[in-house]
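Following this line, the structures themselves.
Look at the two complexes coming up: chain A is in both, with chain B in one and chain C in the other.
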Partner chain A sequence: MDLKLRYHGRLIELFGKPEEIISVRSETADSLRKELEAMDVRFRESVFLLAQHHKIITRDDTLTAGDVDVFPPFSGG
Partner chain B sequence: MKNKKIKNIFIEGGIPPEKIAQSISNHKSKTGIGAHDIFLGQVRADKIGNKMVGAIEFSAQEEMANEVCHEIREAVFDKFPVNCLHIYHSLGKVVVGEICFFVFVSSGHRDEVFESMPFLVNEIKAKVPIFGKEIFEDETHQWKINK
Partner chain C sequence: MIYQRYARHIALSEVGVKGQEKLAAAKVLVVGAGGLGCSALQYLVSAGVGTVGIIDFDTVSLSNLQRQILYTEDDIGKNKALTAKERLHALNNSITIIAQPVSLGLDNCLEILSEYDIVVDGTDNFTTRYLISDACSKLKKPMVYASLYKFEGQVSVFNYKDGPSYRCLFPEPPMSGEVPNCSEIGILGVLPGQIGVLQATEVLKIILEIGDVLSGHLLYVNVLTNESRTLHISRNDEVIQYVRSKGLELVDIQDCDLYHTVSLSEIQPFQQVCWIDIREEDEGPQVELPNLQRIPFSAILSKNNLGLHKIHSIQEMYKKIIFCKSGGRAKKVVKLLNTTQITNCFALKEGADALLTWIKENHEE
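Take a look at the complex of A and B:
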């Protein structure tokens, strides 16, 4: 399925763009994480969280086509 | 009091002290309140190596941040007998010495506000997608890491 990865914070600098559309085979959050890490060393070397529909997604959470937010650790406050 | 409407927590730039004063004043008519607790986060002039932080520039996934704050607000109302609470956070550039984070909890008595405030502030820092970029006085930067 096609996903639009939307980078935030330091990840915008790291990837040199605020967003990109990629095509993936993954259907869950955990498999997407592994697919991204296999795709690009910058994912392997970064701490990142995934979110879809404004919720953090982990483990077996199901992916749907569309936007995925990719967050570095939060640093508000 | 629970409020189903999702509020916008964001304010562009530093939070003016006048806004904090006005928020206090807005509670005059809520006469069941006997105690307020206010947390203010201020941009600190950290020295990192031989550089001084001059400002922090905040960005956020704003829609998600507002929704997560709404959920945290609901959790506080479920967990503590507080009358009302308000959350504000800066977006954009906030210079050293200015306020970037304002949390205001009110209740009938002091114990409830003292107990709820650390929970509330820690939840916001841990769960809300906000990102701080520390800008040094020489205009270079590094990304803020929360302790």
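Take a look at the complex of A and C:
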């Protein structure tokens, strides 16, 4: 399925763009995480959250085609 | 109870006299009197929260004034917690304000936090954030979290009525190389103002037991795009149980706490380095390196600024690497230099002994 990854925080600079459309085989949050990490070393070296439909998605949460937000932790205060 | 002062609160059916009394009885600790803290503190104090604690070891610097609105130019060099207390008492002298000009660490964290009902996270580094989170998780105390990046902010309430904790969101901290030093990140001055007010709002809702507390949800705000969304967070029992079962630990990560630091393994042969040995004259072992200056720690702290002048006279092009016996004093000096015009300064993480070994391996045939 096609996903539009929407980057936030420092990930925008890390990937050099605010969003990108990718085609994935994954159907759950965990498998998407693994697929992204296998796809690009920048995912392997980053801590990030995945969110879809107003929910932080983890483990076996089901993915649907469309927007996925990718959030890193922020440190500033 | 000063009815006139809180008349606009008391006029609200959701607050009333009873709500105002709840506020007066509440004890709230704000960890970090920086951008978020300055903002949240003013509204907590104005609202009549009975006991407000402020903890911050840091001093006010010129670059803080763009967003840390409790301070003035006259406060530069003064401790933030003590200065904030003075300013806030002028705002509301009828409440108790406790300023602690110390660093929150393993030795004092549980003891300090246990004195309060709610903890507001106004820190600017992951080390303290994970420490507060784990301590609040153990103490089952609500932690009103926020953090910032340039134009974006995140807000949530953790450990509220057994809700999710910060580790449910981010079980492990990012790796050292992943975290930009806070002094390198720009931030729009109004952002901590807005986000700190959201934190104060959550504190008031918790105390007053009104509205929907932002527990189990992460509020994300981008002030540049006017985007804001609330994301549901699931509780991770496994992570919470693990944190509660083990002792408190500091996460090992290089971020704001450590200022500009550099490890020997990160030094490249092509870099133009000026080494600064800040050990006192009677300290060994002797270190010999090209372009090395000996400027003792005592001279750097001296009132005549002789040591600082010497460092200032080093050409800007050089990366100034400051070292001592174990790295502790070097970090203090770099922190001090951060408040001056002197730039390109780094504290060597390792001490003189490790440096000698490194010299033998890299500079000798």
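As a convention for this text, the second predicted complex is superposed on the first by the 73 of 77 C-alpha atoms of A that agree within 3 Å, B and C clash if a C-alpha of one lies under 4 Å from a C-alpha of the other, contacts with A are read in each partner's own complex, and residues count from 1 in each chain.
Simple rule for what comes next: contacts are C-beta pairs under 8 Å (C-beta built on N, C-alpha and C of every residue); 3 or more make two chains touch, one makes a residue touch a chain.
The shown structure was predicted, so the numbers you read here are calculated from the model rather than taken from an experiment.
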Q.
Tell me the contact category for A:Gly16 with respect to chain B and chain C: first, second, both or neither.
A. neither
Q. Which holds for A:Ala51: it touches chain B only (first), chain C only (second), both, or neither?
A. both
Q. Chain A residues in contact: does chain B have more, or chain C?
A. C
Q: Mind working out whether A:Pro72 is in touch with chain B, chain C, both or neither, as first, second, both or neither?
A: both
Q. Taking the two structures together, which residues of chain A meet both chain B and chain C?
A. 8-10, 51, 54, 69, 71-77
**Q.** Touch list for chain B against partner chain A, complex
**A.** 41, 58-61, 63-65, 67-68, 89, 100-101, 121, 124-133, 143-146
Q. Where on chain A is chain C touching in the complex?
A. 8-10, 45-47, 49, 51, 54-56, 58, 69, 71-77
Q.
Considering only the defined contacts, which chain A positions touch chain B in the complex?
A. 6, 8-10, 51, 54, 69, 71-77
Q | In the complex with chain A, residue positions of chain C that touch it | A | 32, 34-37, 121-126, 129, 146-150, 152-154, 169-170, 172-175, 177-180, 182, 185, 187, 192, 218, 220, 222, 229-234, 236, 255-256
